[in-house]
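A, B, C and D are the chain letters, set down in written order, and residue numbers restart from 1 in every chain.
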Amino acid sequence: MSTQPNDSQAEIFERLESEVRSYCRNWPVVFDRASGCEQTTEDGVTYLDFFSGAGALNYGHNNPVLKQAMLDYFSEDRVIHSMDMFSVAKRTFLHQFEDIILKPRNMNYRVMFTGPTGTNAVESALKLARKVTDRTQVVSFVNAFHGMTLGSLAVTGNEMKRQGAGIALHHTTVAPYDDYLDHDGHDFDWLRRVWSDAGSGIDLPAAVIVEAVQGEGGLNAARMEWLRQLGQLCKEFDVKLILDDIQAGCGRTGTFFSWEEAGIEPDMITLSKSLSGLGLPMAIVLLKPELDAWQPGEHNGTFRGFNPAFITATAALEEYWRDDSFAATVRERSAQLKAGLEKIAEEHGAASYRGRGLLAGIGFETPELGKAVATEAFERKLLVETCGAQDEVVKTMPPLTISSEDLQRGIDILADAVKAVA
Amino acid sequence: MSTQPNDSQAEIFERLESEVRSYCRNWPVVFDRASGCEQTTEDGVTYLDFFSGAGALNYGHNNPVLKQAMLDYFSEDRVIHSMDMFSVAKRTFLHQFEDIILKPRNMNYRVMFTGPTGTNAVESALKLARKVTDRTQVVSFVNAFHGMTLGSLAVTGNEMKRQGAGIALHHTTVAPYDDYLDHDGHDFDWLRRVWSDAGSGIDLPAAVIVEAVQGEGGLNAARMEWLRQLGQLCKEFDVKLILDDIQAGCGRTGTFFSWEEAGIEPDMITLSKSLSGLGLPMAIVLLKPELDAWQPGEHNGTFRGFNPAFITATAALEEYWRDDSFAATVRERSAQLKAGLEKIAEEHGAASYRGRGLLAGIGFETPELGKAVATEAFERKLLVETCGAQDEVVKTMPPLTISSEDLQRGIDILADAVKAVA
Amino acid sequence: MSTQPNDSQAEIFERLESEVRSYCRNWPVVFDRASGCEQTTEDGVTYLDFFSGAGALNYGHNNPVLKQAMLDYFSEDRVIHSMDMFSVAKRTFLHQFEDIILKPRNMNYRVMFTGPTGTNAVESALKLARKVTDRTQVVSFVNAFHGMTLGSLAVTGNEMKRQGAGIALHHTTVAPYDDYLDHDGHDFDWLRRVWSDAGSGIDLPAAVIVEAVQGEGGLNAARMEWLRQLGQLCKEFDVKLILDDIQAGCGRTGTFFSWEEAGIEPDMITLSKSLSGLGLPMAIVLLKPELDAWQPGEHNGTFRGFNPAFITATAALEEYWRDDSFAATVRERSAQLKAGLEKIAEEHGAASYRGRGLLAGIGFETPELGKAVATEAFERKLLVETCGAQDEVVKTMPPLTISSEDLQRGIDILADAVKAVA
Amino acid sequence: MSTQPNDSQAEIFERLESEVRSYCRNWPVVFDRASGCEQTTEDGVTYLDFFSGAGALNYGHNNPVLKQAMLDYFSEDRVIHSMDMFSVAKRTFLHQFEDIILKPRNMNYRVMFTGPTGTNAVESALKLARKVTDRTQVVSFVNAFHGMTLGSLAVTGNEMKRQGAGIALHHTTVAPYDDYLDHDGHDFDWLRRVWSDAGSGIDLPAAVIVEAVQGEGGLNAARMEWLRQLGQLCKEFDVKLILDDIQAGCGRTGTFFSWEEAGIEPDMITLSKSLSGLGLPMAIVLLKPELDAWQPGEHNGTFRGFNPAFITATAALEEYWRDDSFAATVRERSAQLKAGLEKIAEEHGAASYRGRGLLAGIGFETPELGKAVATEAFERKLLVETCGAQDEVVKTMPPLTISSEDLQRGIDILADAVKAVA
């Protein structure tokens, strides 16, 4: 690696990097090393990382098993980039994904390799839903987050991000997420009614796209019963159900998929973020075989065959998902985190626990409080971000591999941070 | 790496991978190893690669310099994935990009790190152009290719891919590319006239997006004079000029940027594909500082801080772009390729040379011929793809690092392939 | 008038008139004369007209007072067509509309003369709402009907008519009309919540457009309390309230405007159909003076100054609306009609009374029944149409000037018709 | 008619009529009487009318033949408003339209009665073109004017009027009108090329909509040869040709249809303005029988059956179009007008003759001049309006029935007005 130019540490970022940069504004230090649940700056200051690359590092930084698999692959001149040509690395991934993930869950899906970002996967799923149904509308939910390219942005709720499009976003209908309104037991009355009514002015949609836990939108966790009813509604009207599991999936909530307990059968599932495990860009869409109406190359992307990601993804499956033991540990940690957060919220008074599994946090009564807590946590060497439309929710996403002790350490820092702003 | 399940080689792809897969249909072999200008199947058959990952592997497969830089980085637990936090790796890239690329060319631009695919970069540039101008229309050119997500697809010409959107694509105006019509000297009369006419029904656009060589669209190379006139037109009306250099950039045409000779100053430039050099996903937008009106986080993406790509990108800059010697060699190879292709075209009769630099090929009179030539080449162990709206153009993209001998070997195979179908 | 060519009576319609013709299919006779509540065919068969030109003939066919005013105007060469030039006829209309309609109701509105069809008025109101708010979305209600041109069609519910657009209709959000869902007391929870939530993905709209009684959509009559709450909601969020009173206004429900009892203050009101009184094309938008941000000629139309319509409209105001006596009679007739329809519905069993005032009917359990009843009524020389998304509602719209005896005659025929299909 | 309230003459217009009012601003007098080519104010001042209701009064104000036909109809209680029921008046119109207009021209079309404004007719034609082709795009021309409702506005060029929409207008492609660019002989190269090219990014459209003379857009008259080539292009690609003859039709250019000399066969033709002859609102679409794919009621409108307009339309056909004598006179007057206008333009220097037939005027070098001439003409008791995107063209539209003397009188006044501003 090249010699570091003699320069003040952050000057060039401020001068040369676009104003769109974001996380570095709250955490104005230069990171260099990272391992497990920790990141260390070039000055040698270590931070406990309850951010985990926004969910892209479920197995921790530089996870040794995954990293070794990648280095082994690099030890010979194996193909790195292969578009959608057949490669040994991709084949192995497919085999293991089928054996370890799909078969044990009785899931019959095909795998579409999209450009290696979540938004590319979401765009693919939306395209396919529209194609197979010959309909155009898609139902999304308030406070949803599905990505930043125009197709995904159209099903995303955040107003600031939507306005960034610069043009109107169409072909979507917004519906209330679970617990958004106080209409117990009436969650899907509206959609069921208008889809049945030729005078409603609302067309039957191609698809519903949903997250089982809304990570960016404020850590809203849908009840399994709500997901089941949604699944039932979609089946009833032959509307395709797209489960966006990019942030909540890959074990984050204590099962590989975040919606497993609901017993539903989505028509399509998007995965990215922690799919490769080591932070390597990768994204896929799982789709029911009968939906696979793509023409060859109808959707493509240059980096859809990034073989090192297939290697680490395979290693992650083999290491963590051959049986339930890893998931069981995640559920234990989740309980510990929930207890800790609830206690903090209770002591604070007006705050409340939000989320599910290791995708959880504390909702505060004002955005100012949420941001202040994150700032106080950073000063105490804990990385936590905020989420929700107003950044009113402090979000914790420790690695799934974190020890109970490190988890408690983070909870304790967070408790101090909350006290500091109260 | 896991043991390969005992299975026929391609069965699982056909069973489990989506029908959208494309290149593997023309090249039905399983690749395993790759080095320089060659890829080798698991059965040990070696192919000369004039495809280069659709332009993502300008420095060849497993380029030893780039690979070593990456392995050095991995030798310690350096941060791999860091969103848009400050990292040492990113800082080094910025410094070297400024010193090696921007400063010698008197270019004053900021760098926006987008999601690591070309289409994410294009979507970002379109958003920003609309934001800073408060206009919505974008002018694109016939046969353009800018990506598969909805914003990029709206400025892409290919009908099959556009229809894949499943919804109407708006806010774009299509203009003729250089040499599309026989209106010598009148190229921009139409745009100039309607932008000046309050009764034209055509709004002044936010931006024009253009490729200096249309790679996917049929290897159409714009004249530098045409690009200059386009630049002048945009300046005159304060329309932002977006130069999409994703495929033609990073040295492919004999200069780092494909449009350098035109002496224009685009408002934004998109780079991806060979930017990281080793096939690692990475994409950026270069933007004039005065356009940097982004709000923090207004556009984001999980993999926008993939540090290994910054490392290999830096290594590529340092190795190949500190002086003009590498580029000079590319121009020599380009001349050799052009001479070879022109000879083949001439011998064939109705075909013609297309493109520029090492982004060149042969346009045939029918799509059937183009596809047949590619098939014959594959049988002779040469990988070349087709492009153009009807796949009527055979496209060659050898690595920039190819030797004169290997280049000639490929040309000779192609000549045989053409003879075989004639 | 020219001599009638010797021809079978309906042949030329079938041969030369477009298939889009509609009412003539259910009533295949050729009308020639009409007076009050009756129309007579060229063969001398007289029908009792409970259709009244879909609400354009509230004062009956050839109302003698209105007709005389028009003939007086024609007796000299007064200006007939004057675009939006000043004319004596228009001035008189404005004076009388102010004195007779606006002032007694403490209404402060300006009058915009649009092209003389309801849809032109609706398009004008939507344009102005978008202009003054600089927002784009409009909320409309399920089963709404506002017109057939693209702007109005976008806020219309009927699926068949929407699909006639041939393109997607955007910038609208559909909300449940009063009593559409069983959410008593929660009617506007959803809109209030999403308009307050920056993460909802639903933009604050420019306007809400609503009918106090949905005439085409199935004779759904909103409660005054619901309209009041809607008015309050709009005020709270500075969303413009457009009251489309084209069918239900001009006295049809027993007050000049159909929503008077609610005590609300719409930002804009559209009127057409019976505004001219004699069936002459005319349409206006009433708008609060502070919204009058139009540029001269920003919206126009060739027939917006059809003076004979101003003359008959003035005559209607002077004859029927100087005091409450006419309206009181309409309310008496309305009570009679309601009692009659309720009795028929009760006897039938599964049917129910729908609507308000003299815009009322019977909702049947199947579309087949609705259509069959209308057919049976026609055979008994009563003209009634069907409405609702499935034509499941039989709609009666007798002239407001009908006598109690004629009204009862129609009710009795309808009762027979219902019995005939039971 | 009611007694005129004692009031200043124009006060109530300024107080109560919307700011959108337009013509009255340039002509601030109150008109009361009108006959032939003259309008008279309530103060007894008479103006020579070279405006003719923007083309709605081709046969002059209060044309005695048409007016008598209407009064005869009103002398008995004939049906006035009948939606799309069969009526004797409509049948007579159909017979005479067939005999007098269609048959002698060997035209085989069906008649669709739309809402009685031009824009309703245009919206209908666009809907039908999209329906029968199952395509969405429509090609319109720079400086076109087709109406103010959203569908028609999308194919209209004027920027101020387009922005009045308040939302983006889509699904249209703009092409250069005849003589807009200096591409002699290449008028349709662009459309022909992109419609043939699957990579162009421009979909084959449903229709092309065109005016033979652009009245509002600046009196641009297409050459017959250009129209023929356009007709040929549409036939070649099965794109529907919609001829909007609302302003230029009904004899205005010396033939009943403005495009007759071209010998083309439009798929649809829109007529309105002078169709009824006496200024009564009426509009129709003529459509080739094989396009008549409407479902009953798929497009409708309350005033589509305004029988008095059918009566006056029939009378106009019978009086003026049974043979060529009237048209021949119009052509004589046209020659006189052209000579007069050319002389004025020549004397002025930088101005030029524009238009065709009695739809002609003078294009000035600046908008200020155009407006000033119209103002000077008004002061000399001549009504002429301006047109073009910048109001740079003074437009004359005398009644077709004008005498040679009155025509010359108007020309002379205009000459004076031009001299006054020079």
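Note that in this section a residue touches a chain if its C-beta (ideal position, glycine included) is under 8 Å from a C-beta of that chain, and two chains touch if they have at least 3 such contacts.
All values reported here derive from a predicted model rather than from experimental measurement.
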Comparison of A-C and A-B (more C-beta pairs in contact): A-B
Contact-pair overlap exceeding half with B-D, pair selected from B-C, A-C or A-D: A-C
Longest centre-to-centre distance from subunit B, chain (CA-based): C
Centroid distance [mean C-alpha coordinates] between subunit C and subunit A, Å: 51
Computed distance of Cα centres, subunit B from subunit A, in Å: 29
Sites on subunit D at which at least two other chains make contact: 136, 160, 167-168, 170-171
Subunit D residues within the subunit A interface of the complex: 167-168
Complex contacts: residues of subunit D adjacent to subunit B: 136, 140, 142-144, 155-160, 162, 168, 170-172, 174, 176, 180-183, 186, 189-190, 193-194, 197-203, 217-218, 388-390
Subunit D partner contacts - residues on subunit C that touch it in the complex: 1-2, 4-5, 7, 9-10, 12-13, 16-25, 27-35, 39, 42, 53-57, 61-62, 67, 69-74, 76-92, 94-96, 98-99, 110-113, 115-120, 123, 126-127, 129-131, 136, 147-152, 154, 160-161, 164-167, 170-171, 206, 272-273, 278-281, 285, 287, 292-303, 306, 311, 314-315, 318
